[in-house]
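Multiple structures follow.
Common to both upcoming complexes is chain A, partnered first by chain B, then by chain C.
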Partner chain A sequence: MGEVQWPWQYSFPPFFTIQPNLETRKKQLDAWRSLVLDYCRLHKIFIIDVREGEHLPLFNNTAISRKLSPQAINTVLEVLLSTGNAGMVDKSSRSRWYVYWHTVDEWATIVYKWAQDNAMVNTVCTFYELTNSSGDLNGLDEGILVKALKVLEKRQLAEILTLDSGSGVKFFS
Partner chain B sequence: MDRFEYAKLDPAETVICGHKNVTLYDGDYKTSFHRGNIILTATRFFWTLGEAWLSLQLRYIVYIECTVTDTLFGSKIKTIVIHLLPSDNTNPGPVACVTGNYIKLDFKDKVPEGFFDVFQKTIGEKKWLIGKIPHHIRTGIGGIEKNIYEKQKASDVSITDAFKDLDRLMITAKDMVMISKNISEKIKEKQGAISDDETVRFKSYLLGLGVDDPVTRSSFTDSNSYYTTLCKEIIKIIQVSLDEVGGTMALAEVYCRVNRARGLDLLSPEDLMHACFMMNSDTSSPIKLKQFDSGVLALQSSMCEESVVLKKIVEALKISGSLSAQELSTSIGVSVLLAKEYLLTAEKNGKSCRDESIEGLKFYLNKFLEEN
Partner chain C sequence: MRRRAGVGAVHKQKLEQEKYKDKGTVIQENQFEQMTKQMEVFRLNLEEFATKYKNEIKKNSQFRRQFQEMCSSIGVDPLASGKGFWSVLGIGDFYYELAVQIVEVCMATTHKNGGIIGLDELRDRLIKARGRNKQHQEITIDDLLCAARKLKIFGNGFCVIPVGEGQYMVQSVPGELSMDHTAVLKLVSTSGSAFITLPSLMEQLNWETTRATNVLNSMVTEGLCWIDKDHKKDVSYWFPSMFTECIKSS
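Let's turn to the complex of A and B:
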């Protein structure tokens, strides 16, 4: 797991204040969006809790003693939401968010491709098998996996099964 | 006798009548107050002998009567009986304890002609009530209101008194301004006599005295023309200093400077503001009133373009990297309020961006937009 290449904005104090000027804010939030996605991809972070945000170096630059306030984190995550790169874990609270550095559709494609590559089409496999395989799917959050599988269900390429020892899925060709 | 107290005749009291050789009786008993003089005033009755003075307030007297005494040579009136109310006297007197409800005045020969009638009449007039009457009325809400009214009246009078001197000063000050004007004109005539340097210095002192003929409300009948004239005066006063400070001046500072120049007949903030609003309706005015987004009002010279100010802010930001309103105000010499407005204007135009932290609000060059 390599170190993050922090962009120049990360050490620019105004980056941690949401800018009131609309044009400036757009640029700022764009930068935040790509930074959050890069960071989460690198560290395999699937869920961000806004209340815990300041414990992530992502939102807290101790070198210049600036951190993004919880409201500001929410603002950033809403931008991610609008591009399909985030979603609320629980619709009623806005504090826990999924971060999709692959969108759900992309995850669905990746899962199906894994099934094809590993000759799992027309067989049943458990979630455990999926999330403990080598490759992109390793460590994938189950919540996101279910969402991806549901997309495959809609495409009629898979069906989620409830097994005795947990959940599983059957892929179709 | 306990109604009597030690009290001398007040010089302000008017003596109605007085008689000699009168002995006091407490009830039917003769007292040691023997053959003294009696004096009757409108409110009190005195018995005196040598240094001793006794007084009886007439309000105690219920009624008086004469008693007839039989003698060898027939009957004559020698004694007056005075019936009294119970005592509520707290002042020291010759007798402390109650002995009877009446006293007697015993005249040596007979009661002087007419004394009894005069005494009766004096008691009947009840003059002692007069001083008290207003106090009796002044109770309740009416009394309180009257009290307040009287206090206000008194303070009104004292305020008017206090400012009488100031009025006189104002009149004299007008003369002073006239004199200074005369002197400066004379100096102009005799330009050669004193050195230019001195003239200039002296003139600057005189100018410091202020505006020769300030525009006052009293010289106008309608407020519109008053404001228009006032507006012209303000432009005249402020133009030079406005250019000195870089073209923009917050209205509070304008207010101070204008009133400093007037010296007397000071303007109210409202009048100044109304006059400044007139600047914007007059297109030829070299100074405009500008309202920033935050509501701050400032006068701005028409020479002072926004783009020029922005350029200045960007320069300042480039030099120092980051700036708070405080820092900018010291580096370009404007008030903190205006410095903040400048920075916000720069932000609005995308030239700067903000950094809010525990250290306060700071502004940086807008690298977000610059990078692309």
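Let's turn to the complex of A and C:
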């Protein structure tokens, strides 16, 4: 696992204050968006809890003692939401968020491709098999997996099944 | 006995004065003619010189600067005249090309610095963009200043701001910076850091709260600086254009 390439903004103290000037804020949030996605992709983070945000180096640069407030983290995540790169885990509380460094549609495509590559089409396999396979799907959060599979269901390429040993899915050609 | 001045004497005096005046004009004209001739010869020589050393002027930065100085001392600006002899020579082309590259660098960095860039950073980026060839590399700060000043003809969208100690910044966003803005830039640039706080600005420039607040707020509005609200300290105003990591970032 490589190191994150921190952008210059990460050491720029005002990066951690949401900017009042609209244009500057747009640039700032754009930078945050790519940083969050890069960071989560590298560290395989699927869920961000806003209340725990400061425990992630992502939101807390101890070198310059600046951190993003929970409120600001929410602002950043809302930007990710608008581009399809985040979603609330639970609609009632706004503190837990999925981060989609692949959008759900992309995940669906990746899952289906896995099924094709591993000759799983027209076969039932468990979520466990999927998330413990080698490759992109390894460690994938089950919540996100279900969302991706639902996309495949819509495309009529899969059906989610309830099995004795947990959940599973059957892929169609 | 002293003779009293008569009408004749007055006439005589007047005549003499006129003669003096005439002579004076003749001498003046002579001198002027000579000077004009000399200047003409000098100009011709200079032009001949320029044609002969055209390539040298393009390649050698020191030579270029001296040539510029020579030209400006006799009131010839090889850049300003778009028509006639000088344009045929193509001396100005070097600077026009440079000016275009300056605009390109400014445009490419606006998203980071909000439209002001230090001349040193500008030079670094420009040289990187110009390619490896040695003659492309030898661009001096003087060359840049010369070229950047020419961009003024596009209105107030482009200007060079002296920020003290031989340091310059190039502004590439529309909207003229006021004296107060320039003063702030100067202060931050000479402080060696990339930020300033309201109290420190007021203290160092002896400004009242309203004046200092107005300037800082307008610079935030222009996108030239970012604010940093650290609850432990005063709000500080940061300039990406002077922030080392930003300057160095690709």
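We adopt the following convention: the second predicted complex is superposed on the first by the 173 of 173 C-alpha atoms of A that agree within 3 Å, B and C clash if a C-alpha of one lies under 4 Å from a C-alpha of the other, contacts with A are read in each partner's own complex, and residues count from 1 in each chain.
In this section, contacts are C-beta pairs under 8 Å (C-beta built on N, C-alpha and C of every residue); 3 or more make two chains touch, one makes a residue touch a chain.
If you're wondering where the values come from, they're calculated on a predicted model, not measured in any experiment.
Once the complexes are laid over each other on chain A, chain B and chain C cannot both fit and instead clash. In the superposed model, A:11 makes contact with chain C only, not with chain B. In the overlay built on the shared chain, the residue A:21 is in contact with chain B and with chain C. Of the two partner chains, both chain B and chain C are touched by A:66. Put simply, of the chain C stretches 42-50, 132-140 or 222-230, the part that bumps into chain B is 222-230. The residues of chain A shared by its contacts with chain B and with chain C are 8-9, 12-14, 16-17, 19-21, 23-24, 27-28, 65-66.
For chain C in complex with chain A, the residues that touch the partner chain are 111-112, 114, 195, 220-221, 223, 226-230, 236, 238, 240, 243, 245-246, 248-249.
Looking at the complex, you find that chain B touches chain A at residues 322, 347-348, 350, 353-357, 362, 364, 366-369, 371-372. Chain A contributes residues 8-9, 12-14, 16-17, 19-21, 23-24, 27-28, 31, 65-66 to its touches with chain B in the complex. Residues 7-9, 11-17, 19-21, 23-24, 27-28, 65-66 of chain A are the ones that touch chain C when the two sit in their complex.
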